[in-house]
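Below, subunit A partners subunit B and then partners subunit C, in two separate complexes.
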Partner chain A sequence: MANSVERRNLEPWQDPRAMPYVRIDHVTKKFNDIYAVDDVTLDIYQGEFFSLLGSSGCGKSTLLRLMAGLERPTAGRIYIDGMDVTDMPAYSRPVNMMFQSYALFPHMTVEQNVEFGLKQDRLSRQERAERVSDMLTLLQIGELRKRKPDQLSGGQRQRVALARTLAKHPKLLLLDEPLGALDKRLRESAQFELVNLQERIGITFVTVTHDQEEAMTMSTRIAVMDAGRILQVDTPTAIYEYPEYRFVADFIGLVNLFEGRVVENEGDQVVIESTVGRRLRLRDLRPHAIGAPVTVAIRPEKLSICETYQEDGVNQIKGVVEDIAYLGDVSIYRVRVSPAMLVEMTLTNVQPRTEQVLTWGQEVAMEWSPTSGVVLTE
Partner chain B sequence: MNHGRWKLYTFLGLGLAFLYLPVLLLIIYSFNESRLVTVWTGFSTQWYRELMQNRQLLEAAWLSVRIAATNATFAVILGTLAANALVRHGRFRGRTGFQLLLTAPLVMPEVITGLSLLLLFVTLEDLVGWPNGRGFTTITIAHITFSMAYVAVVVRSRLSQMDRSLEEAAMDLGARPLRVYLSITLPLIAPALLAGWLLAFTLSLDDLVISSFVAGPGSTTLPMVVYSSVRMGVSPQINALASIVVLIVAVAVCIAGFSLRQRSAGANSPPRA
Partner chain C sequence: MHKLLAKLRLRDRHLARLVNIGAPYLWLGLFFLLPFAIVLHISLAETALAQPPYTSLWEWVDDGILQIRLNLQNFSTVFHDELYLAAFLNSLGVALVGTVLCLLIGYPMAYAIATAPERWRVVLLMLIILPFWTSFLIRVYAWISILKPNGLLNHLLMGLGVIDAPLTLLHTQTAIYIGVVYSYLPFMILPLYANLTRLDFSLLEAAADLGCRPFKAFLKVTLPLSLPGLVAGSMLVFIPVVGEFVIPDLLGGPDNLMIGNMLWTEFFGNKDWPLAAALTLSLLGLLVAPFVLMQRLERRIEGEPS
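Presenting the complex of A and B:
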């Protein structure tokens, strides 16, 4: 795994000299009058595990289909490995796609399914046989080779679909909700397996998912999409810790959003008067106009119980516990701080539940540090 | 067994009897020894033996089978093309009109279909000298016009159930459109094609009205022979012949139904979210 750690640490998108492997250049796709993809520009680098994340109907699947050649863009160009593939039909693109339904051919055996793409390339019988057995071994499905798709479980189908797309050694593998059809337990192990597989074979992966946890676990970078546009492209950590948009902060994980106005710029910190009547102080290098409306996003796990609550304290807030969601490892406390606002706080359950300090209806004060939230202007 | 259920079975029995008792009687009486169709005197297979020596009937049967097979083959080809156009080519100009024209033969009275085709053939012969007289060709063409509509309905439903991503996957794996059609689409709709073929075959085999209009001298089909001989008085040979036809039709319908049901699970992959 040392090798993979090395690759993960390389961040080609930070390197101005690096050539993008996939370049999507001002691509727009209209269906009748609806913009499914709206002027998207995106660079993906070789060896990346890139995720397109968004709710359903945000255009992420259309963007994937544009890369596969199953849709033609209304405007813009698409380049793969330096080659303009915009006008290239799906069957000539050096790209393969794994469909959400897996789309295994029901009238063919596992072996024939995997061999199908190789036959289209007119490889010799011997070469085809070798590649098929390589793929079946790689995905540990050798013993299924004579089965038909309807004799396979969901997890097995997923492996066959993967084997079929990888058999052609594509330059780029597109995966549409690769784990969407699996049950939760299987999905977690499949996530790690998919990442390991990608690191082993070194092919660039682009996946589409609506599951933010899945995107966080697997990706080198994530593009968050909404209404046909890409809002933010960043590493999972950056997306989670430093969202640039309200939508991104809200979409990924739980978040508390405080509305307010800028009161003061103090060096590398900014002071905000929030609508719930508390002052917030956050680290932010940008100079803000005094009185500008902003939103402060603070993750529930960044909050802690405050022992030194003061009436005019900064980065402190008080309320009454209204709801407790016990998740085993952590509990989420929903605290009513004003008639219109609930603040969520996550605490690790160090003690068994029966010995917990907080209970329903109890008043609690919470605090956070200036570095644990972000100021959003959009 | 409770009261309601008992009633249900009684009505089911009555319904089935209403539908199939006449056919059953016909089959039983085909093994009757007597020349009189309505009087049972004993078991015999003599009418089957006599049937085998009746050249007129056998020739008519052979002609009918040839027409039915040719008709079914063309109907499947044309019906499949029509179904493809309707399912796969979106909202093209004239689609509604095409759809109406395609389903018209399903509801058109046979007398009208027969008469209009006869007029067409006569006019065509006057104008271009084809078809030269009426017979095998004209009957087959007439049958194709209505049976392709049935085929189109069957194939269309199968095509629209099919998961589009199967074809997209094939294309993504490097198959050109024709190859996709031959190695993915066709095998998956094959049960519907078989069912459509058998349906067209049986429709043609027992068609009397349309055939009567467009048939010529020397091209008498089996239903026409049966119909005309019944008017002279029913010979038990007809019973024997009818029993054989019932057997063939029953087998064909069973195969068609079975092949449609079989593997229909395979075409229904989980839907896209």
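Presenting the complex of A and C:
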């Protein structure tokens, strides 16, 4: 019982009684004739760390700006905490945004930047001072309080920008590529810091990112966007293991896509005749019509070397190693299985590099289990 | 051998440095300090019916005695004659009001151009610069025919039924302000435009996001950040307007004397070069003071790194 309560708190989207904190209801935003956001409906729950993921120009930033009130929707409504904010200008919304460029005021010190939003709220001088020093302490930038933005490093600016947005105690914090301006090493530690911060203060975060790794590490849920539409909203695990669209499967991580047609469908088993001439058997609960065209997505790490290869074996395929990408912990083998298709297989480097079994030009047979692939119809 | 080469190279570098630093000083010396010294020299001399029309400052008297006569009378005249004082004050007043008017009209224009769509900016900027293609003198003359009692403006206003009798505009202080604003507006707009195009408009979005209404965001963010452009534009208008001669001469009346007119009269009318020189130096002193003040202000705003 206790377990199920805890689970509900962690995954409010599973609870039909939970009220969404942010509700985006059939929102469309057109710039001239271009649909930046195309009929998007989305619920975000309190305490979530929600990521909008997509390549540049997919509309994710526009969607964020719509929530901030920096853009007005062409159609649809936006609700925050049960209140219709669609026609509310940015300056009255209980929402704060951290800009990709951080947009720190260059003529103000760190302290003045953080205090700026508080002044607009007409808080007393004492309360402002308290909140400013709380924020500076929270983000460990107290010693920078008298500096101007151009005297700060990228990481320090990011903290100041965060402090400035959090100082207002927003109901919802929007972050546009929060780690985009940081270098790679800094970004990795900042990811964990951001998540820890969010858990500590309990504010709902919505971030925009094009970096799938970043989205996977930080988010409670991810919405994958393409061409102004949301394709799939799910937890990082579900997005990775059970993508619903080719685009999603392809966008997140590496994937092998086999085109084919359904030849058998009994119970939860589907057999697909693939265009490379092999039969694939997968577990899939949905009914599929015989002859329907489908795509099978199999992640490279789900493949293993096959010891019992048979000419008519199911979920087996053979080819020649063409490329090896040695990444230290794992190696990615690109195996030519037909003139038109390369299959990628990831193997953990248990043995040192010099003692590895596979090498260039070597023939290798691979296999996978029926539960490790996904049947995609779109 | 190597040592010799190194020594030579070192001397070359010294020479290059000398030329680099020396050239601007030479320029300043020849075209600023020397003329300045000549004017200073004239201002301390006395008028004479001679060519040039002033006395020499030094003279050899017998027994090897060098006699130097410094005549401070001119400066005394400049500072004690109420006519000059009035002209000085009038010049400062016209320059101040003119600068403020240019600022009030120029800032919104510069802002509009800076925020206009890219393809419009070039056109709008061209429109600002276009009048420079015509001679300044001709353009000020043109204002005479616009402002005179039976001029274009009065015709227009009477035709529209706004007024019954022609307004007296020409040869008034108003005409001077019109001339000043018309002539100097581009000098206000261009530096402001250059500054405002560099403004990061996401800062205004950030201000709005933090709860700041648009006008307050302008006061708190845009205005302070455009201060360098504002100061540059104001100086480009204020300084030349103080010494303006053509506009008050053509558009102003006999009561609207500015220091430029006085200078002209002393120099060409009265042939009193020493007094004209003294006036010039007083004017220079008057202009350098606000310049230094503004520069100090600017430095304080931009902030010294701590």
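As a working rule, the second predicted complex is superposed on the first by the 369 of 378 C-alpha atoms of A that agree within 3 Å, B and C clash if a C-alpha of one lies under 4 Å from a C-alpha of the other, contacts with A are read in each partner's own complex, and residues count from 1 in each chain.
By our rule, a residue touches a chain if its C-beta (ideal position, glycine included) is under 8 Å from a C-beta of that chain, and two chains touch if they have at least 3 such contacts.
What you see is a predicted model, and the numbers here were worked out from it, not measured in a lab.
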Are subunit B and subunit C a fit on subunit A, or do they clash, once the structures share the same frame?
clash
Does subunit B (first) or subunit C (second) touch A:A68, or do both, or does neither?
both
Identify the partner contact of A:K146: answer first if only subunit B is touched, second if only subunit C is, both if each is, neither if none is.
second
By the touch definition at the top of the document, which applies to A:S56: first (subunit B), second (subunit C), both, or neither?
first
Kindly classify A:W360 by the partners it touches after superposition: subunit B alone (first), subunit C alone (second), both, or neither?
neither
Output check: A:D121 vs subunit B and subunit C. Expected answer is one of first, second, both, neither. What do you get?
both
May I ask you to decide whether A:F105 touches subunit B, subunit C, both, or neither, giving the answer as first, second, both or neither?
both
Have a look at where A:Y326 lands relative to subunit B and subunit C in the superposition and call it first, second, both or neither.
neither
So, does A:G180 touch the first partner subunit B, the second partner subunit C, both, or neither?
first
Taking the superposition on A as described, I'd like to know which of subunit B and subunit C A:F31 touches: first, second, both or neither.
neither
Would you mind listing the overlap between the subunit B footprint and the subunit C footprint on subunit A?
68-70, 89-92, 95-97, 99, 101, 103-107, 116-117, 120-121, 148, 164-165, 168
Give the list of subunit C residues in touch with subunit A in this complex.
200, 202-203, 205-213, 216, 220-221, 224-225, 301, 303, 305-306
Would you mind writing out the residues of subunit A in touch with subunit C in their complex?
68-70, 89-92, 95-97, 99, 101, 103-107, 116-117, 120-121, 146-148, 151, 164-165, 168
Give every residue of subunit A touching subunit B within the complex, in rising order.
56, 68-70, 89-92, 95-97, 99-107, 116-117, 120-121, 148-150, 164-165, 168, 177, 180-181
Give every residue of subunit B touching subunit A within the complex, in rising order.
163, 165-166, 168-176, 179, 183-184, 187-188, 263, 265-267, 269-273
